[in-house]
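Labels A, B, C and D are assigned to the chains in the order they are written; within every chain, residues are numbered from 1.
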């Protein structure tokens, strides 16, 4: 029996990708996951631009993670310029990142993932039966967007965060108001965890190792070392551990040097940092019975749901803080190199810039979570296949799609897929 | 006119007491000076003229004219707040008077009227020109206020300008003493604001110097937005997503400096050239309005010059036209 | 003292009217008749619209107190939306607005009506008016120009007009090869040139595209018409029709209240505005 | 409306950041109602089942960056009565098209051999390849504008696209002008409709909605030079989002050097160093 499955346009993901599966005599002969997104060469086009253009331009890599790219780029640029930003700016950046995570998780969970499990083709067709659930989702999205807009000036591609600080600070009253709003949507987050904990997930274990930032002070967002259960390293050393290479036969883009596949995601964060979750998130986690660490990528949705609660709690904490008037610092360019590694909805995001003495960008490297996950994703599909072979074609497709969507891939982020078609 | 006296040190107290009965709108300095609702009397800033005009409180940036549902129309109830405006300059007050002519005079705009109805206008007289661009002295401004505060070292002389002003002064009588003297015409003059040499511009229509202004004009509309008298608007409909049969008709500010202002079918644009649009604005301010209503519309506040990104000084351009007039008419 | 409360009407509110009749004139224009009972002068206009879409100024092209007739060309949002209406539907109208043709003061004259394209619509008001007051005026000469035979408006009325008045229809191009309504190929201006007409007790009414108006005026002047014997109808973008929103301003004049009909001597310097 | 059948609509994306499609979904309060106004035939971003038969209109995000994109664009154009370009990538090419203005060696090393079908083509907006019926520009587009478009389409009207500069909305929002603070704001030459969000948020306008038809580019350049920005900066800034729509930039920059424009700037000069 020979079967070829081609998913030409994988739907309900961000960006465009396809999957080629060939099964001959019960053996998988081809398993190719590829992005069909056109290449945009962000790392190339920021070269020659000045340091203050980096975050403006790279934010356009991805709509849903635009805050992430802004914050990562700013962190890297400030690192290169040797700037330290104020505690308040830092706090607000965390809030911006968390707010984005709320809206991104909510969008992904309800609009992209959930229909698979409930047997609908889309969230829209769920509307008649699942209106309350969808309304929860929309409230969470609105909340996230609202905070992003408050801090960043607009919903997508925020503008108010600049090199060294904030161009426009939110007012104290607005922050307080936001805190109250956040409290209101917490019940939606809790309901989300319940909903996703109730979904049946297959037993499966990925061969890939997990990685995320680990910060002794808090559930890592902007700071910390990049770590798995086994090893860890600081952000400046990433080149030593992560190597990007491209082989015509291989699917690899990014691998850890010892030739280990790895994944980054909400699940990876939970594996590493679940003890630092907020109280309510920990409680929710306990209630779900999810065993950590988990290497089952199908658990990622649940991990995202749990993170929703944590993000709301953490965000509320930040909203209590005082907003002081702060000026943007005067900046004198200097040559240097800087790295930004932050936790964004889909995992760890890396920005790396080199500046010359005028502050012109001479080199740039951006590694997105999806790029890091690609290899693991594809190999998981390969590993999962044998147990699915007896099923009907549609079921295989659904299962594989579920797997892919659990990773919440974002092919728009193809800032840096060197080779998109693997053989 | 009756004149009262208010000790300066009692001003804040006076306003704080008034605040109990009114919403007070006064100039406040944040990044720029603008009229906004004040919570404490100390917020008021009288040093400089406000950058943004006060007109948005009466002729609002956006106004719902009516709501509709199917074929039935309802007009929103205008909640007429009792408001006291404090710190209006002579130009601001005259600008309100000019907008009154437009909106209340001929056509009886109910929205504007409602907003004006419960407003008390308390002026603050400029002792010196608050901005280098002012030229109110060149125009025929009149007294138009409920109360006008003249700043006199340690006290204010407060001139009563209307019945309303009188009753207001009565109500807060405890703050005022009777003044022994009246305000002279001379005191009402503001030094250094006679910049416009010739306000009859009818002879300049074909003058080549209009180009001087148009060349450095971006057509960004800052001048008309910041002008306290400009009153153009557009009307658009907006419907609800949940039910497209429901919605509202709204009007919003517009600007004659935009090409879109006169676009008609066939994509024809009248006054397509920047120069024509610039000229149109000045002529409307200084001539057309006068032809129609008997007064000039411009009140000489200079905001359109101060707010212009390139500081197009139409007063200077006009003055130069006058000086060069003979050679041009030859 | 009795308190008298005068509730001034809100000038922005349109009122609903029923469509009595709806028919197409040409491929891109149509005529509607609405049950609006008002007194008006020929040349005045109303603001017609639909809720949720908007409104636009349209000249009244009839002369009756029982109804108004509007001839509308589909060019944009409101006009296209109106074109989808049917008999019995509701339209929202306010008006009438503007200064129409001062017909009362022109009694005893002959009328020379020169229209181009959709500019004929407001002029039809004069024709109807003159018909209703036939004894007040002498001869009626109609000179109507269109792009092609397909664009000819008021086909229902044309035969009648032909019988009663001195009618000439021109088309820029005759794509059909057959002449309807005795139409001649050529521009209105040419027809006017070759027409034997003097300014003696003659009033000219002109409406059409800006270029056409310009040439017609020139030609009329050549024939000895004085400025005050020529009436023009102008068109501008307008929102309020109340003399406030300023979009229709031509120099100091508001098309909506001072116009849309102007005597040529009132606006002759304003051509480029 | 209810008389007619629902419009068949498709929402697609080619190479882009998905932000524009998200902007549709992020109309959190209206999204469910919105999508029930139309017959949503395709929206692969959130739908599994997508039919690509005949569409009344297709809203398409993203720019053309490889052959597959072009193929999809052409197919959608063929299958749809109207094509709506959504977002800056679709309308102007946005940041990815800035590649036209960078040195080849900057990105050369990122080029790899690809499958034939995914071969790169020069990044370009839709209208370089096919006819576009309506533009909803912006990076990201204003989500309310998308809402207005869909609502309008249901009633057969297309909202008049914005053509006024960003400054109009900026001033209406009561912002202090950033040009006066010496910042390089492109608001005066950029098409508005975004409610000046960037300036509201403290950042100068980068011109993401593309140049206005009526811009005074020469003067804008002069203003920026006056504030101490060098020509390289001005070019880079203007080309970041809409470089392809400013083909005349270099020429105007050259030409304006010899011209004297007397502007005044009494703020402090702020160099971006």
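A few comments on the model shown:
The rule is simple: a residue touches a chain if its C-beta (ideal position, glycine included) is under 8 Å from a C-beta of that chain, and two chains touch if they have at least 3 such contacts.
Every value quoted in this text rests on a predicted model; they were computed, and no experiment measured them.
Two chain pairs, B-C and A-D, are weighed by contacting C-beta pairs, with A-D ahead. In terms of their C-alpha centroids, the spacing between chain B and chain C amounts to 38 Å.
Chain A and chain D have CA centres that are 26 Å apart.
Chain geometry summary: the mean Cα position of chain A and that of chain B are 52 Å apart.
With centres defined as mean CA coordinates, chain C is found 64 Å away from chain A. In chain C, the residues that reach two or more other chains under the touch definition are 52-53. Residue positions of chain B with contacts to 2 or more other chains are 239, 244-245. In chain A, no position touches at least two other chains.
Listed by chain label, the pairs that touch are A-D, B-C, B-D, C-D. Only residues 155-158, 160 of chain D touch chain C when the two sit together in their complex.
Interface of chain A with chain D (complex): residues 9, 11-16, 36-45, 47-50, 52-53, 56-57, 60-64, 66, 103, 107, 111-112, 115, 121-124, 127, 134, 138-139, 141-142, 145, 152-160, 162, 166-168, 246, 331-333, 358-359, 410, 412, 416, 418-421.
Within the complex, the chain B residues that touch chain C are 65-66, 68, 71, 73, 75, 102-103, 106-110, 231-237, 239, 244-245, 247, 249, 251, 254, 256, 261-266, 268, 270-271, 276, 280, 283-284, 287-289, 291-292. Residue ranges of chain C in contact with chain D, taken from their complex: 52-53, 77, 80-81, 84. Residues 1, 27, 30, 33-34, 37, 147-148, 151, 154-155, 163-165, 167-168, 171-172, 174, 176-177, 179-180, 187-189, 213-216, 219-220, 223, 261-266 of chain D are the ones that touch chain B when the two sit in their complex.
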